[in-house]
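All remarks here apply to the structure that follows.
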Amino acid sequence: MDIDYVSNLLGEFKAGRLTIEEVLEKLKILPYEDMDFAKLDHHRLIRQGYAEVVFCQGKTIEQVHAIINKLADYNSSILATRATREMYNAVKESLPDAQYHEMARLITIERQKPPVDNERFILVMSASTSDIPVAEEAAITAEIMGNKVKRVYDVGVAGIHRLLAQRQLIEQANVLIVVAGMEGALASVVGGMAAKPVIAVPTSIGYGANFGGLAALLSMLNSCAAGVAVVNIDNGFGAGRMASIINKMR
Amino acid sequence: MDIDYVSNLLGEFKAGRLTIEEVLEKLKILPYEDMDFAKLDHHRLIRQGYAEVVFCQGKTIEQVHAIINKLADYNSSILATRATREMYNAVKESLPDAQYHEMARLITIERQKPPVDNERFILVMSASTSDIPVAEEAAITAEIMGNKVKRVYDVGVAGIHRLLAQRQLIEQANVLIVVAGMEGALASVVGGMAAKPVIAVPTSIGYGANFGGLAALLSMLNSCAAGVAVVNIDNGFGAGRMASIINKMR
Amino acid sequence: MDIDYVSNLLGEFKAGRLTIEEVLEKLKILPYEDMDFAKLDHHRLIRQGYAEVVFCQGKTIEQVHAIINKLADYNSSILATRATREMYNAVKESLPDAQYHEMARLITIERQKPPVDNERFILVMSASTSDIPVAEEAAITAEIMGNKVKRVYDVGVAGIHRLLAQRQLIEQANVLIVVAGMEGALASVVGGMAAKPVIAVPTSIGYGANFGGLAALLSMLNSCAAGVAVVNIDNGFGAGRMASIINKMR
Amino acid sequence: MDIDYVSNLLGEFKAGRLTIEEVLEKLKILPYEDMDFAKLDHHRLIRQGYAEVVFCQGKTIEQVHAIINKLADYNSSILATRATREMYNAVKESLPDAQYHEMARLITIERQKPPVDNERFILVMSASTSDIPVAEEAAITAEIMGNKVKRVYDVGVAGIHRLLAQRQLIEQANVLIVVAGMEGALASVVGGMAAKPVIAVPTSIGYGANFGGLAALLSMLNSCAAGVAVVNIDNGFGAGRMASIINKMR
Amino acid sequence: MDIDYVSNLLGEFKAGRLTIEEVLEKLKILPYEDMDFAKLDHHRLIRQGYAEVVFCQGKTIEQVHAIINKLADYNSSILATRATREMYNAVKESLPDAQYHEMARLITIERQKPPVDNERFILVMSASTSDIPVAEEAAITAEIMGNKVKRVYDVGVAGIHRLLAQRQLIEQANVLIVVAGMEGALASVVGGMAAKPVIAVPTSIGYGANFGGLAALLSMLNSCAAGVAVVNIDNGFGAGRMASIINKMR
Amino acid sequence: MDIDYVSNLLGEFKAGRLTIEEVLEKLKILPYEDMDFAKLDHHRLIRQGYAEVVFCQGKTIEQVHAIINKLADYNSSILATRATREMYNAVKESLPDAQYHEMARLITIERQKPPVDNERFILVMSASTSDIPVAEEAAITAEIMGNKVKRVYDVGVAGIHRLLAQRQLIEQANVLIVVAGMEGALASVVGGMAAKPVIAVPTSIGYGANFGGLAALLSMLNSCAAGVAVVNIDNGFGAGRMASIINKMR
Amino acid sequence: MDIDYVSNLLGEFKAGRLTIEEVLEKLKILPYEDMDFAKLDHHRLIRQGYAEVVFCQGKTIEQVHAIINKLADYNSSILATRATREMYNAVKESLPDAQYHEMARLITIERQKPPVDNERFILVMSASTSDIPVAEEAAITAEIMGNKVKRVYDVGVAGIHRLLAQRQLIEQANVLIVVAGMEGALASVVGGMAAKPVIAVPTSIGYGANFGGLAALLSMLNSCAAGVAVVNIDNGFGAGRMASIINKMR
Amino acid sequence: MDIDYVSNLLGEFKAGRLTIEEVLEKLKILPYEDMDFAKLDHHRLIRQGYAEVVFCQGKTIEQVHAIINKLADYNSSILATRATREMYNAVKESLPDAQYHEMARLITIERQKPPVDNERFILVMSASTSDIPVAEEAAITAEIMGNKVKRVYDVGVAGIHRLLAQRQLIEQANVLIVVAGMEGALASVVGGMAAKPVIAVPTSIGYGANFGGLAALLSMLNSCAAGVAVVNIDNGFGAGRMASIINKMR
């Protein structure tokens, strides 16, 4: 609960401009919007620095369309993840400035560029070309939230010289996102080279005993390098969001 | 075995109206109907307060059609779960009063409204819009079994004020069903707020390490709040049935 | 937040007996007691009908001792689960009316018997003699919370006549707790016989592929009988608490 | 190695009708036929009482077609499991007496009925109508191997009276096959009623935490009833074959 | 329910020697003995050919002692599994003819040798010396139930000639029990050589990824040989019991 | 490789003060110290801001003693995790300024307090008193690395008002560490309240289906709140190190 | 880093033909080619004896096409695994000498046959016809890398004589690859017969509790035969590559 | 079966020095020694180049003692793994030249040094000091089998320069064994640097989600580097044996 908001309520009440019932009612009402099948958390922008992000998986096209339209009434920047092209087509009709990022499965609307600190960049690395869809989800998420992003893809540890050649970038980055499937070893090696925080994203890319990303997930959680924290399998968005929060710390 | 039924048999036998063979035979016969590929438990209505419910998954359209028709000979209220639209189309031809609930994948027939106690309602809550199909399966199940149901959807814990705003409803509800995927934390928070029993339903909605609902399931089983019990992943029907049984206790 | 409490606060404020700072402060303070390593939720008795229960596992003897003593200042009935005899010995020194239930690993203090409705009893069933420790945890939990409890132990389904002989008790019980390890089939059979809610408790008792209770847990979650909900493996307390909540519904 | 065969070889050798090289060669050659991509074990009929059975999954239509044709040169009775209709169509062209069992996914050829002992029957039971495909795979397998089979379907333990009504059949059966998904409790209950061996077949039918049959598998392995042994999930063929071997013991 | 028993009851009733209440009561009473913490199934000997077996794990010494003494009142042959030496010492005091089999962790009492058919023997094989405790549990179980048993230990497939040398025994055995840890391959090889049923027992013996017997269990369940069925990990008793049932079929 | 270092080498070489063999050799030598059983990474302080931390588990007392002594030659601040009291006793003999933190199982040496920015604090929260050992490992790790730490323990979500009362602290913290066992829901709720990064640490505290912390781990990975990243189960050190890195960013 | 390369660099530098900047730059540049979405490791041929192999899964057709074309500029022999026919069609247009191996899902280009030592052959064995796709991936991989390969398919242990008949081949082979699904027992039996290294490849072929190859994987890891090492499930390529490395050792 | 042996048998038979029964008998007898609880495979030395190795886990001290003594009658070099000090003490009494390797838990007897090729060495690497026990098991196994072994311990990837400093050794080694717990990333990095075969050994060393070595195991199986094969968790012996077989290839 916002202290100013409550102080104000109390002032209004003392001044007789609100009844006790009204104050009680208002103390319970917080700034979200009830769409029946969804409750939009308009307060999140103030509380956490970015508006509610739409997770499209499991929602109908109609629901995605309605939620994005409602959000677009109040926000200049919108992000929807795990979106299909069909969802995008529905959204585009009423919001022609929406964009679709096929590989990353993101819908974005960006009506006003946020200010970007070009000195502090987030480095998004992928172990393999096959991990790029998840890496792009992370990178675009970080960009729409107002971060400078650099990408280095296909630097898996099996050819360690490819990775060592990136040493300078790794040392300069302010936050690092490491996206890797298979055995996910890239996170540990980068974690040992970087002085800044590393967000590791396991992916479900790989042969047999990868078990849908479990191998890379366990590998990253057990990283022998400190300074590595992990998000969910294939969760590029989560990594991008976390990196953005850290990158904006002063 | 029903005591009256057996007493009656014994009386008939003593009176010579039944031979010993007939009594032995009848003692083995209980009220179910053998359809060869299915044995309908007509006794269940008396024993447990609601007729046998048809679990359609893994059955052929012909089997579903035949079973529902047979049940419809004896019951005024019928419920079939995990039904496809094709199954419904087959059923509708001979039973035009059957209804299909697309999102919840239910076929219902309701020829006579059961009496409903409007004072005692079941509150069905979902953490996300994506969990609504399972929540609806629970809600409609409870309704057809004669319960008042209220729905509150998309109140996941990441925006705790959306949930706290429902405090009054949570305190008034007689039984609560909490449907959540991802990390399933809603069950624990609601479990700590409610004084009445909470039935938790994990769903298979989520990113990578959700592992088909395993994350939410384990989370709910390990709930730090007492007064929470769990049904199977995505088992909206089971939660609705359990809540109905509890809601009718006096 | 309690409406009366807030109404009252507002009245005090309007009357000038509280400053705006004091009201803001109080709106944030809720009735718990901070012991630094623990925050006792004294409000729970009012909110959920029974005081906070102490989960002793992972706590030091000193912590358990201090928490129980603090709770004993305000409550006439206290329950501590997963307690070792060493913990009990420490508690008993300052609280000589504490009792230890060896098999169930419970410490209880009961200074005033709660009123019990003898018409509505909870039936605690176990599949095997080996499951009795968990069953006793459930039974004693329910008893200290003011319920009439009946016990039927060692009625596993391998000798189905032992179970069928309990049919009358099963039909009369108001709530049922079914405790079973190995394959946990007892929950399904009882679930099909009872008209009242069944709380199933998987135990970790069994041979090899029981995997610490996983077999019974999955079995119970997948029960073909409706009206069954599940608590955590070996969680006798959770079952007893849940059954107590349901048993007190009117 | 067959003793008569080797004795004979040695006689031929001593008699000078075979050279030492020929004997060495023949001692290595056992009666199988090399098709390059498959090695048909024609010896199996003699060794184990039924010809090699074709497991079609993972094989191409051409391979299935070629193997069955080759087997048909030497055997009057052929069984192929996990066969698609496309495989059957290919086989039928050259072997018009082949039959397809859609539900059980079996191709059978039966040119000569084996003798059947009608006194000793195998009882195939299923917990649910949805388990019938696996049950039929077991039943047809047992039949083509020359066993009398009786079927009792949809007798899951949630309506225990449906099962108890089959007591006589259960007691008369010489071998029992219990097919069940969900929690697989049927195996334990039947295992406690029958005096003869019970072969339990878990199926992958069920809601969420069934995990592809794991729940029923673990349940059956942990059965509290002795006299129950388990085959692989959905492995109707394995159960039918095992039951047939046992049923023919004298 | 036993038909003769019920016929008799009905006769007594018709003759007026039993009231209707008494008949109703007796129809519910089946022959088990209620020890409060255990319900002894004295009926099992008649129903399944061997008295109830005591599973000692998870029971107190007092409970084991009491149960075995009660069973000893009615049975000439008693088996208790997973028994510790402490349990045995307690039992021996009141039942001096009890024997303890250290390796197999069994307590046995055998007051009268059952008749044994020496022509039909059960062959118990173990892959490794380390599997002998489980193998002995199986062998002794089968022996006390009146079977001729032969043992062949340490014939794992890594030295296939050791196994091939047992070909004659394998072909002569009437039922085979194969006990193996590690990868459990012995079951498949024996399953391909034997014409009679093979009961496979996975053990928890092995290095790292054995995961408490899971490796051998999955291996045996997936056996490419038909005619193999599996019991629980380390469940020598279950295998011995199953083999005994099969071995006595005629 | 450090550019200045290599430039320097090249200069020395061109000047003839190093032979080509010496340069080649030096290009391969990096600053670590070879103790045969351990290779101390003295370079880590420069590269990552804190000296190598000793993970004691699986090491002998002699090895721990030798490694810490060697590190103490070069560093004013030393941290050893998962240390037993025996290890500490051995270390203390030669390094009397070493300290042991029993609950956190840490050995620390701190000869010179690092500068601390008291404006930016790390908030360490635990769901339960039982999680304190892991929370303390995190807190002490962060402190020895030069961070201001505040602790809030026992604020699990089952009494949400205890948590809401910490709102101000949560909003003021610069980095948050959330330590929770059981269902780990605290991470999601805090993640939704905080604007700063949340490091979640699952613990192995809990009942049955916690499976050694798996429940909390999966829960946290699947958190519906963005801005949460996860470290290994019980890995308080990893969380403290990660939080310290983030907290020092400007 | 290649010593000759660096020596040479240093010589050039001393001779003044390279500036210090150029040397520093070159010391960091290793021979890979940056395609933005991929970094081709042209150095691998020299370092490990075969060019980089393209893992096509998860890559777009355009990416596969571009990578193979780039590799084809520098290499006479190219291998791409997990390729679809669509990928091949795209490649074939610009590289008409590319070949597609449907069953093994490989694209190969072989412009110059490598020298082959026909005395030392790799033996690829499969347990079942259904395992042939993985076996072919292994065999073709080994062949394109310049090895003599012999194939023996469908020699699963259920008909052990089929396997024993291959004894001579098994003893003559220089390296063995054993491909098996289901219970994977073939690896153990062959491992006990062969004197040379055995590379085991579990496949995902099988019924229910195979769990996508987990059964065979665990079985092979737990092999009671020494001299067996395992690669990932269905990883024919990895086995072929490993066998090739070993086969070329002198 | 050995061809010379059988040729000889046939010659003896033809010459009348053996009866047909004797030949049949001998064709079945292969060189192993039956100790009842163990069958010693004396043939293994000839077949696979090293005598049978004793796996002590799960065996009694008496069994270990007896087996080693029997082996010592025929072999000059003996290896027993997973041996406790108690087992060693028993062995030492009758075989005073037996040695115990505490850390590696090995008993060895080496009466005659095998010839060693000092040019071709096996490199045993460990990621951490904590992995040394398993690494030593591998190293000593390889040594007793007649291989030159070099050890490089504590070169985990978190300090990649420690590993890169070993580049020369890595390139010179003839076979590499990589022992690593936690995330096991060392195997992938070494696999990308070495031209020779890498045998990876996951260990059970690590924090929480290591799950007894599962994390390292999955990581190594999913290695992005080719030329890596894996043995069981903590299976140092298996790695040493495999490496020895490969190292002796010419």
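Here the chain labels run A, B, C, D, E, F, G and H in written order, and each chain numbers its own residues starting at 1.
Throughout what follows, a residue touches a chain if its C-beta (ideal position, glycine included) is under 8 Å from a C-beta of that chain, and two chains touch if they have at least 3 such contacts.
If you're wondering where the values come from, they're calculated on a predicted model, not measured in any experiment.
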| item | value |
| --- | --- |
| Chains in simultaneous contact with subunit B and subunit C | A, D, E, F |
| Path length in the contact graph (subunit D to subunit F, fewest steps) | 2 |
| Chain separated most widely from subunit B, comparing mean CA positions | H |
| Selected interface, D-G versus B-F, where C-beta contact pairs are more numerous | B-F |
| Computed distance of Cα centres, subunit G from subunit C, in Å | 58 |
| Rounded Å distance, subunit A centre to subunit H centre (Cα mean) | 49 |
| Subunit F and subunit G, separation of their C-alpha mean positions in angstrom | 40 |
| Residue list for subunit F, restricted to those that touch at least two other chains | 1, 128, 158-159, 164, 167, 192-193, 207-211, 214, 217, 221-222, 226, 232-233, 238 |
| Touching pairs - complete list by chain label | A-B, A-C, A-F, A-G, A-H, B-C, B-D, B-E, B-F, C-D, C-E, C-F, D-E, D-G, D-H, E-G, E-H, F-G, F-H, G-H |
| Residues on subunit D engaged by subunit G in the complex (per definition of touch) | 1, 28-30, 32, 35-39, 41, 43-44, 52, 55, 57-59, 63, 67, 202, 204, 212-214, 217, 232-235, 238 |
| Residues on subunit H engaged by subunit A in the complex (per definition of touch) | 127-128, 156-160, 164, 182-185, 188-189, 191-193, 206-211, 214-216, 218-226 |
| Residue ranges of subunit D in contact with subunit B within the complex | 128-133, 153-155, 158-159, 161-162, 164-165, 167-168, 181, 205, 207-211 |
| Touching residues on subunit C, where the partner in the complex is subunit B | 1, 47-49, 53, 167, 174, 192-197, 199, 217, 221-222, 226-233, 237-239, 241-242, 245-246, 249-250 |
| For the subunit D and subunit H complex, residues of the former touching the latter | 1, 3, 6-7, 10-11, 13-14, 20, 23-24, 27 |
